[in-house]
Each structure stands twice: as C-alpha cells, then as structure tokens.
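Only one structure is covered here, and it is reproduced in the block below.
Labels run A, B, C, D and E following the written order; every chain starts at residue 1.
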Amino acid sequence: MSMLFFYALIGVGLFTLGLLALVVQPHLLQKILALNVMGSGVFLLLVALGGRSQPVVDVVPQAMVITGIVVAVSATAMALTLMLNLSRSSPGAQLPEDQSADS
Amino acid sequence: MEAVGLWQSAFDLMLGFSLFGLAWRMLFCADLFKSIVLFITFGLLMAIAWVRLEAPDVALAEATIGAGLTGALLMSAFAKLRTLDNSLKSGQPLLPRPRLHVINFWIALLFTVLLTGGLAYAVLSLPSHSPGLSDAVMSQLDSSGVTHPVTAVLLNFRGYDTLLEMAVLLLSIQSVWSMAGMSDAGEVHTSPVLNVLIQLLSPVLILVSAYLLWVGAHAPGGAFQAGSILGAAGVLLVLSGRPLFNLKKSWLIRLMLVAGPAAFIALATLTLINEGQLLKYPVANAANYILLLETLATVSIGTTLLALFVGSQTEAVQQDQSHQ
Amino acid sequence: MIWNNWIPLLVVLSSLLPGLVIFTLSEKQWRVRTFLNIFGAVAKLGLVGWMLWGVYHEQHFETRLALLPDLDLVLRAGPLALFFVSLSTLLWLVTTVYAIGYLEHSPHRSRFFGFFSLCVTATVGVALAGNLITFLLFYELLTLSTYPLIVHRGTEEARKAGQSYLTYTILGGALLLFGTVWLYSLVGTLEFTPRGFLSQVDAQHHPTLIIIFVLLIGGLGVKAALIPFNGWLPKAMVAPAPVSALLHAVAVVKAGAFGIIRVVYDVFGIDFAASLGVTAPLAWLAAATIIYGSLRALFQDDLKRRLAYSTISQVSYIALGVAIAGPLASIGGVVHLVHQGVMKITLFFCAGNLAETLGVHKISEMNGVGRRMPWTMAAFTIGAFGMIGAPPVAGFISKWYIGLGALEVDQGWVLLVLAGSSLLNAAYFLPILHAAWFRKPPEKWPHEHDFGRHETSLALLIPPLITASLALLAGVLAMLPFSPLEWAKLISVREFYTP
Amino acid sequence: MIAYLPPVLLILTVIWPLLLAIPLLNRYIQNAPMLALLPAVCLALYPGVIDYNVEWILLGSGIELNGNNRWILLVSVMIWASSALIDKSHGEGFTHSSNSSFYFLAMGGQLAAILSTDLIGFFSAASLMGYAFYGFLNSSIEQQYRRYWNLYLVFLVVADLALFEAMIMAVSATEITRFNVLRWIISDTQNAQIYVWMTVTGFALKAGIWPAHRWIIAAYTGTPLSVKILLFGVPLMTALFGLLKWLPNWDNSLSIPGSVIMLWGLMTAIYALIKLLQNRQRVLIPLWLIFLVSGVFLSVIGAGFVVTQDWSDYKSYFFISLSLGGFSITALIIYLTIGQNQQHLSAPFSSAGQTEDTTQAQQRENKVLTLLSANYLVTRLQYLQVAAFQLVDVTRQRAVNQLNKIMDEPGWTVAITFFMLFILIIVSLSL
Amino acid sequence: MGAQLIQVDWAVVLIMLPLSAAMLGFLLPGMARNIGLLAALLILFTVVGLGWQLTQTGVYSHVAGGWLAPLGIQLHADGFSLLMLATSAIVGVAVSIYSTGYFKAADDQRFWPTWLLLWAALNALFLAADVFNLYVTLELLGLSAVTLASLTGSKDSVSAAMRYLLSTLLGSLAFLLGIGLLYHQYGSVDIAILSERVNDSTVSWAALGLITAGLALKTALFPFHFWLPPAHASAPAPVSALLSALVVKASFYILLRLWLGLFDFQQDSTVANMLGILGATAVLWGSIQALRQIRLKMLVAYSTVAQIGYLFLAFPLAQTGGNRVWYAVAYLMLSHALAKAAMFLVAGNMMLFGGHDRIVNLDRVVQRLPVTVAAFGLAGVSIMGLPPSGGFIAKWLLLEAALAQGHWGIAGIMMLGGILAAAYVFKVLGYAFIPSPVPHQAVSVPARMQWMALLLATLAIMAGFVAQPLMQLIGIGALFDSTGSMP
C-alpha cells in the first residue's frame, strides 16, 4: 500500500521539478517539455492514489488521465507551432524578456 | 509469496527513482536533441509505471500518444528549428546556458523544495483506503452497455467530458492550421529500408487499431488508443513520402476530422429529444451507440493526430500583415 | 394632481431630448438646431413658470425613480430648487441666443449645442435633486458635459485647460462621493429635509459628522471655487465666451455654491451645523476667498481672466452668507445666487462682444471702447456697478442683507470684509470703465468686424442688454412679490428657519 | 384728477430727467435741459406738502416735498437752469455732446436725493449723482487737471463705503430707514458714535472738506463757466444737505465727535481765509468762498452737538442758510467770470514759475509709488513662482525615472517565482 | 406556447449550438462568417429563453447522461451564471457583428470556428457544476483564446500568445492538481457534494492554494498579470475585446463559485486579506501603468489589470460578513465587460482609421469619428465609476460595504483608483480633440463597427439605471445570500 504513496510522491516530485525547469530554463522547447513532465506528474498522482480502493482499482481517475493526455498532446502541438512561428521572426526560440537576458 | 512482494517493491523503487532521475537529466541537459530522446524514453518508462499501477488503458494511451506521437512532433519541430536557427546548425546544438541570475535560481530551488515538502505532506495525510467512485462505477457497469469500466466511464458515465475533449482536439487542429497555415508535407527523401519497413508495418498497424477499437468494449482498449495507432500508421505513410492526401482542397479530410465530435453532438441532441437527458443512451442498445461513437471517434482522432504532425512540418505561411 | 409628479422630470427632459437630437444634426441643418434650442428653452421656461406658480400656492412637485434597491432618484421642486432652476432656465435662453450669434461662422456647432443642452440639463438636475445621490449624479454629469465645452476650440491650450479643470473637478467629485457614501452608511438616508436630518444623530458620531462635512464641502468647494480649489477657473477662460458665461454665471460655479447651501441647510440644518462649530471656519474660508479673488483680479490684464477672478470672490459671498448662521445673512447669500448670476453673465456677454467685434481681449486695449460700442459698455457699466455694490443695481441688495445678517449675529468682522471687497471691486472695475468711457479710442482696433448699422450683430447685443436690465430691475424693484429678494425671503421662511 | 397731480408731479421731477438721459431722446429735443427742469420748477412752486411712498422700490424708499427741501430744490433748479442758459449762450453746447446723458443723470440723481425720504433712497440717488457728475465733468475738464480730478472718483468710492457702513449700523439697530423717525431711536451710544463718524467722513469726502479739497480746485480752474457754476450747486450742496438729513440730534453724549467736527470745520474755514488773503486773481475768490461756506457750515453742525439745546427748531434755518449760501456763490461766480471776459485763468499752484519743480515732484512721487506699488510685489511673486516650478519639475523628472525603473514589467521568471510563493504561503497555512 | 417554452432545456442548447456551429464553420470554411452570425443571434435568443425559464422556475439543473451526481456530470444554471451567460451573449453578438467589418475574407475561416469554440467553452463553463468538467472547459477556453490572440501573426503577437499559452497551461495544471487532491480526499468531483464534505484538513488547504494560484494566474491578478497587456494589446481588436471582457472573467467566475461553495471552511481571513492586498496593488499598478502607456490598446489592457484588482478587493469585505458585496462584484463584472469591450472596439476603429493607435497623435478624431469617441467617453464614464453608469452602482455598493465595516484602506484605494482611471480616460479624450503634429491619410471606418462600440457603451451606462431588477435576477438560486453550498 505504501508503493502507491511512493508513486504519488514521485508524481509530486515530477510536478515541482517541471515547475522549477519552467522557471529556470529560457529555451521554449525546454519549457514545453517541462510542462509535459508536470502533466505526467499530476497524472501519476491521480492514478496512483486511485489504486487505494480495494478489490478493484478506482477507474474514474484513469478516465480523467486519458482525457488529460489527449488535451496535453493538443496543447503541445499548439505550443510547438507557436514556438516555430516565434523562432521564424526572432532568432533563438525564447520569450522576449528571456531573450534580452540571454543575448 | 513474500519474495515476489519484495521483488515488486524493489522494482517499483527502481522505476520511481529512474523516472525522477530521467526527468532531471532531460530538463537540465544542455543539448536539445538529447533532451527530446530522453523525453521519449521517459514516456516509455511512464507506460511501464501505468502497467504497474494496474491502469492498462492509460499505459496504452501513454505509449502511443504520450511517448510516440508527442515524440514525433518534437522531433519534427526540432528538425524545423535546426533549419531556422543557424546557431543550432553546427551539428552539436549548443543550448544557451541558463544564465539566470544566481539568486533567482537559488530562490526558485528553495521554493520548489519547500513546495514539494508541503504537497508531499498533504498527500501523505490522505487516508490509506478510500473507495473513491469505484463501487459506484461497478454497480452501474451492467447498465452502461459495456463491460470494461474505463470505456464505460469515458463513453457513458462522463460522456459529456469526452464530447468536450473531442472539441479540444478539433480546436487543436483548427489552431495549428490557423497558425501554421494548411499546406502539404514537403518532399521527403527516404531510404529503401524505411520503405520496406513501412510496407510491412502499415497493414499490421491498421489491423491492430481495428482490434483495439473492438476489444475496448470488454478489455483495455478503446477509441483513443485505436485512434492514436491509426494516426501513427498515417505518420509512417507520410514519412515514407507517399502523398496521402492533399490537405488544402479536400473536404474529405475536414469531414473525417469533424466526424467524431459531430457524431457526439448528433447523438447528444438525439438523446436529449428522446430521453430528455443529454447523452442518456437507452440501456438496450447502449452498446451499439457506444461502438458507433467509438469508431467515428477513432477515425477523427487518427486523422487529427496525423494532421497535427503534418501541420507542424510545414512552413508557416506568413499571414498578410494587414492589421499590424 | 398626478401631473405634478411628472413636471420636474419634464423640466429635465426638455433640454436633454433636444440636446441628444442636436448631436445628430449636421452643420447645415442650423435652422432645425436653432428651433430645437429655442423650443427647448421656452418649454422649460413655461414649465418652470407653472411650478413657480404652484409652489407659491403650496403645491407639491416630486418625481421618484428607483435607482438602487433602497435608494432612488428624486427630483423635487421646492422653493430653493425653483430659485436656481428659474435662474438657469432664463439665462440659458439668453445664452443660447447669444451663442447662436457668437458662433456664427465657427465649425462643430452641433457638437457645441449638444453639450450645451446637456450642461443645462445637469444644472437643472442639480437644482431639482431631492436627495444627495441624485445631486451627486447630476453634479458629475455637469463635469462631464462641461469638459467638451472647455476643450471645444481644439487647441493645445484648451486641452491643458481641460486637463486642469478635470483634475480639480474629478478630485472634488471623489471627495463628494466618499462623503455621501460615508453619510449613507452612517445615517441610512440621504433625503434633503428642510432644516436638516442629522440633528438627532447621537453625540459620539459628531466627530465623524464633522469629517463628513469637511469632505462634502471640500467636494463642493471645487466647483464653488473656494480658496484652495479655484486654480481651474481662470484657466477655463480659454473656452468661447458663451461657455465661460454659462460656466461662471449659471452652471458650474453656481452648482457648487447651491450644493453648499443644500448641504448646510438641508442635510445638516443650520443650527446643528453651527452647534458642530463647522460654519465659522467656512465663513473664514469664504472671506479669505473673497479677498484673494479680488486681489488676484487686480493684476490681471486679460479681461476674461479678471472677470474669472472676480467670480471667485463673488461666489464666496454666497458661501459667506450661508456660513453666517443668521436668517438675514442667508437671505443675502441666497439672493446673491441670482444677482451674481445676472450681473456676471452681462459682464461676460460684453467681454464676448468686445472680443468678437473689435478683437479686444486685453484691458489695456479697451481705451475709448465706450465710443465705438456705447450700448455694450452701458450694459458692462451696469454690471460693474452691480459688482461694486452701488445701490441701484442688484449687487447692493445682497451685500446689504449679508451686512445686516452679520450684524444681527454680531459678527462685526464680516462688515470689514464686505467693505474691503467692495473697495477692491471698485479698484479693478472702475479703471476699466474709466478707460472705456473717458480715454480716446486707438486709430485701428485689433481686428474689427463691421456689423452694419448697429455696433455689433443684434444677437450679440440684445442678451447683455436684457441681463443688464434684469440686474437693474432686480435691484430697483426688489420688493415686488416675485422678485428674487422676495423669493429668497420665502425660501428662508419655508426651508431654513422655523418662523 | 387734480388730487393725483401732485404725486405725479413729484415722480415726474425725478423720472423725467433720467428718461432724458437716454442719448436717443435728448439728441432730437431742442433745449432739453429746460424741458427736464420744467416739472421740478412746478413742484417747487406747489404750496402744500406732498409725499409719495413706494414699498417695492429699493427696499421700501419714497420721495416727498416738505418745507425744508423746497428751498434746496429751488436753488438747485435755479443753478441747473443758469448753467444750461450760459452753456447755450457761450456755445460749448455740452448739452448736445456725447456726455449729455451724464448731465441728465446727475440732474436726476440730485433731484431724487433732495426729495428722498429715507437713508437708502438718498444714498443711492447721491451715489448716482456723484458718478454721473464725475463722468460729466471728466469730458469737459482740461487734460492737465485730470489727475487730480480722478481723486474725486476715489473719494466717491470711499465715501460710499463709509455711508454704506453707517446705514447698516443705523438699520441693524432700528430696522427703520425713514429720516424723520431715525432721529430719536438710535440710543446705544457705541453704535451712534460709529454712525456719526462714518456719516461725517462720508459726506466730508463728498463735499471736498479740507484734506480732500484738491479736486475742487482742479475742477474750478480747469472747466468752462457753465460747468463751474454747477460745482458748488451739485456735489457740495447735496453733500451738505445729506449731512443735515443724516445727522441725528441727540443728547450731549456725542460731545466728543461734535467737537472734532467743529474743529474740522474751523480748520477748513481758516484755510479758506488764508487762501483768500494771499489770492491775487479776483476770479478765484468764489473758490475760496466755497471752502469758507462749507467749513463754516460743518463747524456749526459740530457746535450743534456740543451745545445740545434743542436742535430741531433751528433745523429749518440751516436749510435756508445753506440754500442762500449756494445762491450767493453761484451769482458771484457768474458775475466775476463774465465780467472778466474770460482772460486766461492760471491755477494757483500751476503758475509758470513752478513748472519744472512740479515735474520733478511728480517723478519723485511716481518712484515712490512704484516702489510701494503692487507690481513690485508681483514681480517678486513671479520670480518665486518660476523658481518653485523649476524645483517641482526636477523632482518630478527624477521621480518619473525612478518610477520607470521599478515599473518595468516583472518577466516570466519573477512572476512564476511569485506563483510558487503564493501556493507555498497558502499551503503552509494548513500547519 | 409559454408552457412548452419553459420545458425546453435551454442550457443544453446553449452548449450544443456554438459547438455545432463551430464544426459547421470548420467543415465549410467559405460559409464561416454567415454561420457565425446566425449562431450568435440564435445564442442570444437562447440566453433570453434561459433567463425567462429561470425567472419562472428558479434554479435549473440537468443531469448529463442520466447518471446522478457522484458518478455523472451535472449542469447547473442559477442567477450568477445567467448574468455571465447574458454578458457573454451581448458582448459576443456585438463583437461578431463588429468582426464582419473588421476581418477580411481570408481571415474569416481562421477567426469564426475558433471564436465559436471559445463561446461554447464559455457557455459550458458557466453551466458546469462538476470540477473536472470545469478543468476541461477551462482548457478549451485557454487554448482557443491563445489561438485567437495569435491571429495577426506579427512578431509581438506571437510572443505574447506564447507567453499567454504557457501561463494558461501552468494555471490549468495547478488547477488539475488541486482537483485531484480534492477528489482523492473527498471522493467526488461534483461541487454540490464537495461543498458538503470539504472540511478544514491539510489537503483542503493545499487544494485551496493550488486552485486559487492557478485561477489567479489565469485571471491575471497583480503579480501574475505580466502576460495580459502584451496579449490583449497585440491581438486584433475584436479578439482583445473578447479576451478582456469575457475570458479573464471566466476564471474569476470559477474562483468565486469555488470560494463560496468549497472554500468556506476557513475560519480566519488571511487568504482573503492576501487576495485583497494583491487586488489593491493591482488597482494602483494597473492604473499607473495605464497612465504611462503611449499606445491606446496597451492603456486599455492595463486598465483591465486595474479593474480586475477591484474584483479581488471584495474578498476581504465579504469575509467579515455583508453578502451584498458579491452583488457588487457581479455588477462590476457585467459593467466592466460591456465598457471594456466597447473600449477595445473603439481602439480597433482608431487603429483602422489612423493606421496607428499612438494616443498623442489621435488627429482631431472627435469630429472625424464622433460615434467612436462618444462610445469611448461613455465607456470611460463606466470604467471611472461616475454616477449614471453601471460601474458607479458597483463602486457605490463596494464603498458602502467598506465604510460600514471600517475598511478605510480599501475605501481609499477605490477612490484613488477612480481618480487614476479618470486621469487616463481623459488623457485620451483630451488628445481626441486637438490636431496631431503628424497628419496621416485617414481610412474610412464602416458604420456598423462604430455603432457596435456605441451600443456596448450605452448598455454599460444603461446598466446603471436597471440596478433593482438586475439584482433580483442575480439573486436567483441565492448563491450569494447563503454562504453555504449551491442548493
């Protein structure tokens, strides 16, 4: 039973790690990856804690997570397209405020 | 029995820490290409974790969409980025060092650690046994028209969420087309090995997606997983250079994209008029309705994912600057 | 009797609707615009006349519209309200005729007359307001509708004048709002009741009531141009003459003074305010403004700026009259509301005539202007003598009553202030008259327009003469039943003091 | 119908000249002044006493003809007529020039003052007459005397103020403005003293008593004969008449002011006598006579206070003596000036010898004036203002730069760190 | 006929209509504009129908899929959601008619389907009664808003859209984590059930923190407002009108509903005071920044940041009792939506007219675009909170509550905010009157674009006169009166 909590804690760890990367990394691709990692973290927490119900595992969080994954992929696709547009108009795919810090 | 339990917990520990380590390496490594590859492996490890947590459907979805398709998108985006950004041209893509002000970095790190501690404390304070909605799901399962609980929840109990989610998918392709413009994939030079592989694989993939669609009613599977495999097949075909279809003019593509959400809405209005409630399938032929919905959803999910991949490939046609 | 409930609303609408229609008219349809203007003014005059007659015979006119769940818009025509409404209606008609003549060839007249009628609607609304929130509503509407008039010329200077006007009035409006809400949360009602409704508030609230009084008077002081807040008034002189006439004689400045009367008499009640000890500082402030205004007027060479500073000092007479808590002084203060309006508008009309016909703006250019435009200067002289307080003209009467009222409550120092200010008035008006009448005119005026037989176009000449004769009649025939003085006495008896 | 004639006549005497003052009318009517005086003449000759009170004019004033003011009315009508006649014969024709309206206004003002029955009526009529007379004389006076003649305007304003204060004192104490009632009621000594001081200073200034006499000299020397005649008859006589009507006759508690007035009158008389003795030109004699008469008159009134036996029975004699004095002076003026067939008058103080030192005096005086005058003050003020504005500008600029520095937007990293901090705070609240 | 009308499930139609219209528009790009317009009008009628139904039968709730609360999803419509639906309908119709004039034919197929999806997300969000459903609608709303924001394709609009996307995704993830924790602690995602079960436990506090932070980021409260001004200023005018008026309000709506429903377990008011302080700084920061801007759209965007500050000022007031404050907040949301949409449409007109929107050289625009400047004036009156307008009613109620409870700080901030708002509105109006040094060739602005701006502005003013009936409408379902859960 403590394994589920271990996975949940890993989920929380991934969430906060992604948040840190989101803050620290200037490159947009890194930020998008960070967002995906945070998403996986949350999903891990959801499903892991779902397993606490006896005889059969709680299915509703799993349905939520499937919806979440699909939403995450569409968000990532949009983010990548935006990043490409941005890198077309200004070198180095970065937000303007990070740009100035970097160059 | 004791030994098996021991082994399992060791495996879980190893899996958990490797997941965390992989994520750390991926997010803080200097090379973009390396971080993308690490991301794909991270996706696969996540799939294994889902299996360990007895969530096969999620594992399937994670593997196909999370690792597979997102990886493909990232790869094509990275390729595009390299052609654009001359700084990355020199083979070894130097990632700009995160020259963040040192104090900011340490403050952020401190907050992250504290936040992890706080959330962990909250999670640990959760009760060790809570039935959640599992017994509610089990009791209503037989009247839901399918035997597999996940599909029942997805398609029947929380069907309205899935409807909105289909709308999100439609929105994603609409937005990618509106941002990147709708043009076909560029010419792709492929090696003969790839061609042979694709010729072998694509029929198998289509067969597997059909099987997954069918099995979803009583075993892990279902519209999303089948759709994503269909999409993967489409990506392979596109990568092999065969122009599957001409995106711009063909309203067929638009019809396939819209098929899933349109089916949902049609069924919703139908049930609203007959049964008085949104998406309330009559218990007798609930299964048929769900199957119909799933097939159309699979078609539209597959096409959407393919179109997303093709969309990110193209040159973004610069919109005319009338307004700026 | 039900008709009586709708007349106040009709009075307000009779200038709002034409105004809104005028906005839509193009420059070419000037006939329709003039007709609408005149029709609106005459209709309002008729309605006000009806109400005057009605109120004289103790009838009751009130319109009530729901605004907030427990607060509603009230338009009530009491004697004091009618006093101010009749002044603004009469002078609006005269100023419209003048404005039509004045803006003969200038652009954007539809916009001008549209805002002009909105401004009068706001003034009438301020006058007829039955509770503090309706007063606040029309008070703010007045700021909004006068701003475009000030900025009408479209020059950078006009814009700057508009900005300074706004900084003061918006600040004033904010103070007023704060005070009103505080009062409402403290007392629960805002209705204007004769002799005030705050006397039975228990003692421990008195310090808060004093602060609320300071806030309200501060908010109103901006428009009544009391000492610290009158920076905007001289700058607003950049506006065309009918606007500065309307602003200074009728609308904006009077709304402030009228507001002070309302707050002191109908919200706090004069004896409660006196017992709170707030009327004395107000009196000193008003006295200081009187002296300050006259002193600054001495050094102004531009005619309209000198008149503006004289307005600052004249309006404070009303505040002074109100602040000396004596029945006679309040009659003096209230009657000065009309007298100052009539006299000041004459002076501004003449200033406008001089500017329009001879291009004369500075006092130094006014030598011998009496020869060239005798009638205008005659009107100006009557107005000037009224301002000084020379007997036949109306100004004398209000000074007379304020003086008597001061002596009645043995505030001797007020007499000194009156004497000092009349001396200063003489000091800055008589040189103008002397220059106009007794000096030789220059060979060529700055830029002279020839208006044929008469000294200037009739539309520019008749209004000042009308208002000058009004000033004279208000002075000479002061004891007639419907004269301003008699009506002020009626107000004092009915609304301010228990007989 | 006859019964209504007297009041109509009474009103006409006052209204008729005022109407004629309007330029349109008097331009077309031949010898307008005569016509204007016609109703006044008939009134003067009317035997009985007429009074007509109107409640709604000027806070309830009225006009009446009684024993006393009949004499004064007669003399003033006679003076106005003689000046009109001389003017017509000598051809200046001021009656037809642009300032004729002032002429009629002054005439109307004086008649109304003489006939008025209450304080406010007299006060307003007198001030109308004063300002009109100033306007009338200003256009016909020579340029060099104009500076002193302007003093009259200043004195008029100050006098009006003083009389205004006096009136307010009287009315606030008794609420009644009628002359005949006024005498007996002001009892409170403190108010009465102020009232007397104010009245005396007011009318003294109007009558050009000793310290404020320069403008009479300038007027007398700088104007043609027809105007000269009016000099005593209009401003001075009305002022002295006003003094008589306004001053109450009380018990001896007013002895101090009374004695001061007496002294003041004597001083003027002595001044007039000295001037009379030094005088070389015969034509100036009436000028000093004017001072003499007004000085004597004032001292007699002052004595009236001090002597304190019953004042009222001598009253009528005062009026008669005043009118006689006025009549004799005008006659003398006419006789002397016509007799001297207009040889050039040299003002006593502007004789050729003194021209250059007067100009120096004027310069000195100007310098003093500018030094003390307001615009020196104003230039200091403006200098300070400019300095203040610069200071404000500099500080504002520095503040704006400072503001810009801290106000530029927090970038992505700072904002998201705040985000983490925000969650952290709330989560920590649970402990 | 009336009886039947009441039976119709207007709420469901309100969600299905825009979704189907969006799909139709996606399917037939050529017809996108006409479909969009027709859908807009139909939605308006549906909202009227729903309003009529609510007034007759009180709160409306609909069980999706027939499964009762813990398992299935519920739709719930009460006074507050009706108000927000009506606001989005009015602003939506006005903006739709405006966009027919604003967008060229090429852009239609990119604008209309996304806009209809956004509208569907809005309607679904205001009707949702299930927390996970709120997450999905919030996600749909965020993504469609980002797509619309990047419509112009210029450099700063793409970078602003990117920043907006990252922030909205971060906000949604935090929101999702919060919901996950709540679900696993209390076993349900339905708001009604949760509001009964939530008690003072560490998980509730963690969830409160995450959800409040996520939604505050999406509502652009003070420290997290950095993404809003560039996004709203560089988006095309009708889009920035939608973003400022509706999208930003949706996340505040969720925060308010959860705050009243779930998070009323807090004894002390530390969190409420914290939100209040952030709101106050937002008011000052937004107004001062607005004063510093040279471009009109940036000015209007910063004014949004300030007005959002006002919304959060109400939290500390409501904490110490006095539920009329929430009526004031609802009223402020309505009048701000109308006025701000009008202001952005005006900015769009001026951009089209002069080719730029630098405030300093708005060349004598007052007589060349009289209707537009009138609209800006009226909208400014409502933003400043001067009497005849809806903004004044909201400000009056808030001030009354603040003074009754002795919150001098909040009252002072509100006065200062009003004065600063007057400063920047009249700064623009001042320049509208005078000629600009650099004259430029003027483009004529279609009449319907100007009249739509004026229509919205007049509605903002008229809102001031209909306070009483509107309050009753908002009161249906007594969300604000009882501090407890939804019935």
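The criterion applied here is as follows: a residue touches a chain if its C-beta (ideal position, glycine included) is under 8 Å from a C-beta of that chain, and two chains touch if they have at least 3 such contacts.
These figures come from a predicted structure and were not determined experimentally.
Participant: Hop distance check: chain A to chain C, minimum number of steps through touching chains?
Facilitator: 2
Participant: Among all other chains, pick the one whose mean CA position is farthest from the mean CA position of chain B.
Facilitator: Comparing chain centres, D lies farthest from chain B.
Participant: In terms of C-beta pairs in contact, which of D-E and B-D ranks higher?
Facilitator: D-E
Participant: Which whole number of Å gives the spacing of the CA centres of chain A and chain B?
Facilitator: 13
Participant: Using mean CA coordinates as chain centres, what's the gap between chain C and chain D in Å?
Facilitator: The mean C-alpha positions of chain C and chain D differ by 31 Å.
Participant: Cα centroid separation between chain A and chain E, in whole Å?
Facilitator: Measuring from centre to centre gives 27 Å for this pair.
Participant: Can you list the residues of chain A that touch 2 or more other chains?
Facilitator: 15, 19, 22-24, 45, 49-50, 52, 60-61, 64, 67, 71, 74-75, 78, 82-83, 85, 95, 101
Participant: Got the chain E residues that touch at least 2 other chains?
Facilitator: 132, 136, 139, 143, 146-147, 150, 153-154, 163, 166, 170, 177, 183-184, 201-202, 205-206 - these are the residues of chain E that touch more than one other chain.
Participant: So, with touch as defined above, which chain pairs make the list?
Facilitator: Chains touch in the following pairs: A-B, A-D, A-E, B-D, B-E, C-D, C-E, D-E.
Participant: Which residues, counting only chain D, touch chain C once they are in their complex?
Facilitator: Interface residues on chain D, with respect to chain C: 23, 55-60, 98, 120, 123-124, 127-128, 131, 135, 138-139, 150, 153, 157-158, 160-161, 164-165, 168-169, 171-172, 374-375, 378.
Participant: Please give the residue numbers of chain D that touch chain E in the complex, ascending.
Facilitator: Contact set of chain D toward chain E: 403-404, 407, 409-412, 415-416, 418-419, 422-427, 429-431.
Participant: Which of the residues in chain E come into contact with chain A in the complex?
Facilitator: Going by the criterion above, the answer is residues 132, 136, 139, 143, 146-147, 150, 153-156, 158-159, 161-163, 165-166, 169-170, 173, 176-177, 180, 183-184.
Participant: What residues on chain C touch chain D, complex-wise?
Facilitator: Touching chain D from chain C are residues 298-299, 371, 374, 385, 388-392, 396-397, 399-400, 403-404, 407-408, 415, 419, 422-423, 426, 430, 434, 437-438, 475-480, 483.
Participant: Can you name the residues of chain E that touch chain D in the complex?
Facilitator: 163, 166, 170, 174, 201-202, 204-206, 208-210, 212-213, 216-217, 223-224, 226, 229, 270-271, 274, 285, 288-289, 292
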